[in-house]
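Okay, so chain A shows up in both of these, paired with chain B first and chain C after.
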Partner chain A sequence: MDPTTVVVQIIINIVAAGGAFALVAVGYTVVHATLKFINFQHGYMVALGAYLTYQMAIVWKWNFILSSVLAMILVAALGVLIEKVGYKPLRRASRLTPLLVSLGFASILQGVILVFWGPAVQTYRIPSTPIIVLGAVITSNEILMVLLSLGSLLALHLFLKRTKLGIAMRAVSDNLDAAAIIGINTDRVISSIFAVASALAALAGVLIGLEYFIQPTMGFPIIIRTLAAVTLGGIGSITGAIIGSFVIALVENLGVWFLNPAYREAYAYLILIAALLLRASGMLGGKRDRAA
Partner chain B sequence: MSEYLLHILILVNIYAILTMSFSLVLGYTGLPCFALPAFFAIGAYSSAFISAAGMPFLLALLLAASISAISAYIMSFPALQMRDEYFAVVTLGFSEMVRLAFLNESARYGSAGDVGIVGVPTPNIFGLDFSSLAAFFGLTLCIMLVVYIVLMRLVSSPYGRVIRAIRDDEDVTDVIGKDTRSYKVQVMMVLAFFCGIAGCLWAHYIQYVHPTQFTPDLLVFVLASVVLFNENSITGAIFGAMFMVAFPEMMRFFGLPESYIGASRLIILGTTLVTIILLRERSRSMGRRNVSAS
Partner chain C sequence: MVDRLRGKKSAGKPVSLERRTLLKGAAAIGAGLLTEKLSAPAVAQQREYVQIGSLSPLTGSNAPNGLFITQGQMLFEEQFNRAGGFKSGPEKGKFLKMIYEDDGEGTGTADTAISAFRKLVQVNGVKAVTGVVLSSVALPLAPIAQNAKCAFIAIDPTTPALTKFPHFFRITETSETGGPTYAGCVYNAGFRNINFIWINDPAGVGTHDKFIPKFKELGGNVILDISIAVGATDYKTEITRCMATKADCNVLLVHQGETLILMKQAHDLGYVDPKVQWFLSFYSEEMLQKGGPIFENTYAKRYHVPTETKEYQAFESAHHAKFGKDAQIAYFGMAAYDAMTALARAIEKNGYDYDGINAGLHGMEFQGVSKFIKFNMENGDNITTSQDVSQVKNGKYVTKFHYNPNAKT
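== the complex of A and B ==
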């Protein structure tokens, strides 16, 4: 293949994938900045969004946009429920404890998906028109993915900057106790944060289902990529999460294209471990891991 | 029926080795070493290769466990640079990378890669054939008990006091002169050694080794089992393994179709993990409320 074509194709894939990852990563970052634990079940919220939309739009043949929005709402509600039941009681516990709980929820979600939809790989099978650009193929679905993800990120940015709830969210994620002192209802804001993060995750799931395929185990690789992206971009920074997501998409696509496609997930792991190690050597702690 | 029971008990014995050693690492030393599936896998694959090459079972067992321990040593260098939850994530990452490596590379070495290794020979120790279920059960039971005794002796010894000190306050333990890092490495190697043994037993029992047996689901299983009774209880770990194996199997008797067993196992594991932790935290915070002024 002509090198320009290859480059353009890779760039297109990266932008599309990166956009979807960014939605997941941004939601994850805000939750992590606020509650400070590693949330493994976030990847399965993506999966659930993908499957719910699949069920409504493809199996029951409802309107696609309606199904996606409904899926986002349902997943958001589930996120709020999970937070109330599983994480709120653990706010004063060590950071490892909610991580274990999140692994538990991830397991439950995976089991539920298996029960309802079986272990097979599914696709949305929505036809999309391919457009040729410089010899590379963009599908209209991919363009939709990019527009939706970038649009949502922009909407989120405006929401966080301009609306009262958005500003409250930033306050809470910055410093929970200080926000409580100045009178913000932290519980309600945290619930909203979970709702927004879960909704974004569900949207990412819809986009992934649109362009790629879905399977019950998809949650785990997604959360690994998210962790890698967030660690790269700086834990707690939304812009960092977005940039990190595109970097992960870049490395993954390059690795799959030029190295070994079977190790697709391994590239994200490698980056995650490398990023963590780099941070560890520069940050407090150094050679020893600390209990702080 | 008794065949089914023996099968379950064999599984319990093998898993109990995993849960007991994990209890040592997580409950007693405070190290969330999530690389456990990798150590199990390395034990299973190595012993399968060694056995298939014609070596006697005991040799395969010891070699596989040692290879696993060495991999833990190597892994400890980058992994121990992290604190708590990031240590967990890094070790989990290693576990998955090992699994992916086995998935993709074992085709090169004479097994069918994606299909896994088939036809691992049944153990033959000093001329005694262990291929019957009852014999294999006896074998796993003996090994499980040996591991139990070793671990119990370990944790009630001065060594056990040091690792508990590391769990409770690592900085203080460091200050009083204990090389905490080397204790942590050792404990990880012990974990890996025993998981390697369990892996060898597994490979020779199921006679089929495949990467899907070593996913993070296994880790959640071990976590749930260990947390169920008390993560710093070796004995509790055995009962935890028993419960977590038995519960999904009982679903079979309630008429649950075979295809849902796997999914129900995941749901049971997850629910157990979440519920136990929440209940623990509830009782812990009640105590807190009485003591502090918060």
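== the complex of A and C ==
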């Protein structure tokens, strides 16, 4: 394998790894910016999206695209329900309370997955076509993953910038009380935020299932990595969440290449700590750019 | 009802039953009930049980192995009790009862296992536990079991660090012998220039540290020697590092979940046969079914099971009868069955207490289902086993050769 091929291959690996996790990170940061708590259950919305798609597309043999869309709708609906039942009553509580509730929901969701699908690793077993680019290999699933991720993020960006609901979401995320004062129905907007974030999480789950494998315990490592990406990028910044995801993927893969692969996660967290020591609000964090 | 008791036969005057007749009737009913209770069959009476704890991975990436272990234990429990339980010794007349707990292996920590173990000992009061696959779980459990005075037979942890716990027994060999055995399998399969990819946990470290020098001693060359993180979902860059070498075989020493991801991603990258061979450290029909074509032409080693023995044949019949002919008979199920056999023998001989069980286990030897079992006199180690090396052809394992590292099997 010549050096050019190696470099191209690593770039492909980074882009593919960063793409799906960017979806998770963006959904997470929008919720966090609005309600100001660490939402551990978000990682399990990813897992649930993956498993629902598995059930419909692989077990019941429905059309894969239809199954993915249905999974996104179901997970979005569940996200809204969880918000209404678990988080709305706690809007004025200290940040620790909804954090603990989110841990509870995370455990419940993991338990539900275990009960319905069992403990074993599952796969979509959808074949992928390898495409050679300058000697390196990118698979058709990876291309799909990157295109869908970027497309979804662009759609979200346009939604937040150009639609009434999107603008309202940004206002609520920026200042909940002020948004209520000017007449925005904050309850409806927060439900919409949860729906959008959960749908993005479910889509990420489908993409992760396509390219990797799914297992009931996948939610927790996803959320930890998401937290790192969002913190690095700046809480509340969608652009920051995307950049943070790719930076985490870059650091991990470079660490794997040049150092000991066994500590791949540690490299990302070291960079995160260093970055926060330099700039505590993250790369793009700060007053501006809330959910935008 | 009251009228009938009063003997009201017709619209005429009521007739009072004699009080004595009433009392006689009540006594007859009571006597009948008492007789029925006393003559109830023996099985309805309170049985006495010797409770044994089972700790195995019921969730997580190792869950398939946990299922096999549970099956082996259930089978033994059923057979043992059907045969009448303990027939001699201090526990004569008692039966076995398993209490199953999830040890959460594959999550990367032993927290779940430790909590489950404590629950078995403190809440259920067990004095013996069996199960556990990973060294990373067995290692923290060993001193806890010792302090709790709870006998322990583990199934598959290989780390040599467990040898220092003299009463922590295991069915599998340690990596002291397992590592060189694996090296011999790979070398005898014809591979001379390899990449060695191993999991960074106690078992991986132990086996790696013995594999590498043995493989070099045999005349092989290790081009790339890299450890991978437990539970990661993406190994593409690790595979890319392997692709940059001129190895003829990538040798894996990782768990099932990681194996599936690695092989899938290698397959996606086109980095499989004929470009390079892959050698896996274990063999699993279930994994083969899940992965499908990604495993085609890969090599795997597995413990050689002496299928010609009457112990294996009896186990096979019983397993088919209970779980169906299609249910896989896996090494972990057989090893779990052998662990139960060893425990039951020790308890029958010396009673259900820590010192008695340990005394019974040290030096015990018998022909098990999975292999010949022989526990060391000084510690809980077991003897090594020979291996079958197979290759996947058309979705099925085909045995290529048998490798005997000169140990009794």
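The criterion applied here is as follows: the second predicted complex is superposed on the first by the 255 of 292 C-alpha atoms of A that agree within 3 Å, B and C clash if a C-alpha of one lies under 4 Å from a C-alpha of the other, contacts with A are read in each partner's own complex, and residues count from 1 in each chain.
Keep this in mind: a contact is a pair of C-beta atoms (placed from the backbone, for glycine too) under 8 Å apart; a residue touches a chain by one contact, two chains touch by 3 or more.
Please read these numbers as outputs of a predicted model, since none were measured by experiment.
J.: Specify the partner with more touching residues on chain A, choosing between chain B and chain C.
T.: Result: the larger residue contact count on chain A belongs to B.
J.: Identify the partner contact of A:E265: answer first if only chain B is touched, second if only chain C is, both if each is, neither if none is.
T.: After superposing on A, A:E265 lies in contact with both chain B and chain C.
J.: Please work out whether A:L114 is in contact with chain B alone, chain C alone, both, or neither, and reply first, second, both or neither.
T.: both
J.: With the two structures laid over each other on chain A, which partner does A:A17 touch: chain B (first), chain C (second), both, or neither?
T.: Only chain C; A:A17 stays clear of chain B.
J.: Per the contact definition in the header, classify A:A93: touching chain B only (first), chain C only (second), both, or neither.
T.: In the superposition, A:A93 contacts chain B only.
J.: Looking at the overlay, does A:M218 come into contact with chain B only (first), chain C only (second), both, or neither?
T.: In the superposed model, A:M218 contacts chain C only, not chain B.
J.: Is A:I38 touching the first partner chain B, the second partner chain C, both, or neither of them?
T.: Touch status of A:I38: first partner only.
J.: Shared contact residues on chain A, chain B side and chain C side combined as an intersection?
T.: 114, 118-119, 217, 260, 262-263, 265
J.: In the complex of these two chains, what residues of chain A are touching chain C?
T.: 1, 6, 9-10, 13, 16-17, 114, 118-123, 125, 128, 130, 137, 139, 141, 208, 212-213, 215-218, 221, 252-253, 256-257, 260-265
J.: Show which residues of chain C lie in contact with chain A when the two form their complex.
T.: Interface residues on the chain C side: 57-61, 63-64, 66, 106-107, 200, 226-229, 231-238, 240-241, 243-244, 256-257, 260-261, 264-265, 268-270, 286, 290-292.
J.: So in the complex, which bits of chain A are touching chain B?
T.: 37-38, 85-86, 89-90, 92-97, 99-101, 103-112, 114-115, 118-119, 217, 220, 224, 227, 260, 262-263, 265-266, 269-270, 272-273, 276-277, 280-281, 285, 287-292
J.: Going by the contact rule set out above, which residues of chain B touch chain A in the complex?
T.: 32, 78, 80-90, 93-94, 96-97, 100-101, 103-104, 169-171, 174, 180-181, 215-217, 219-220, 223-224, 227, 259-260, 262-267, 269-274, 277-278, 281-282, 284-285, 288
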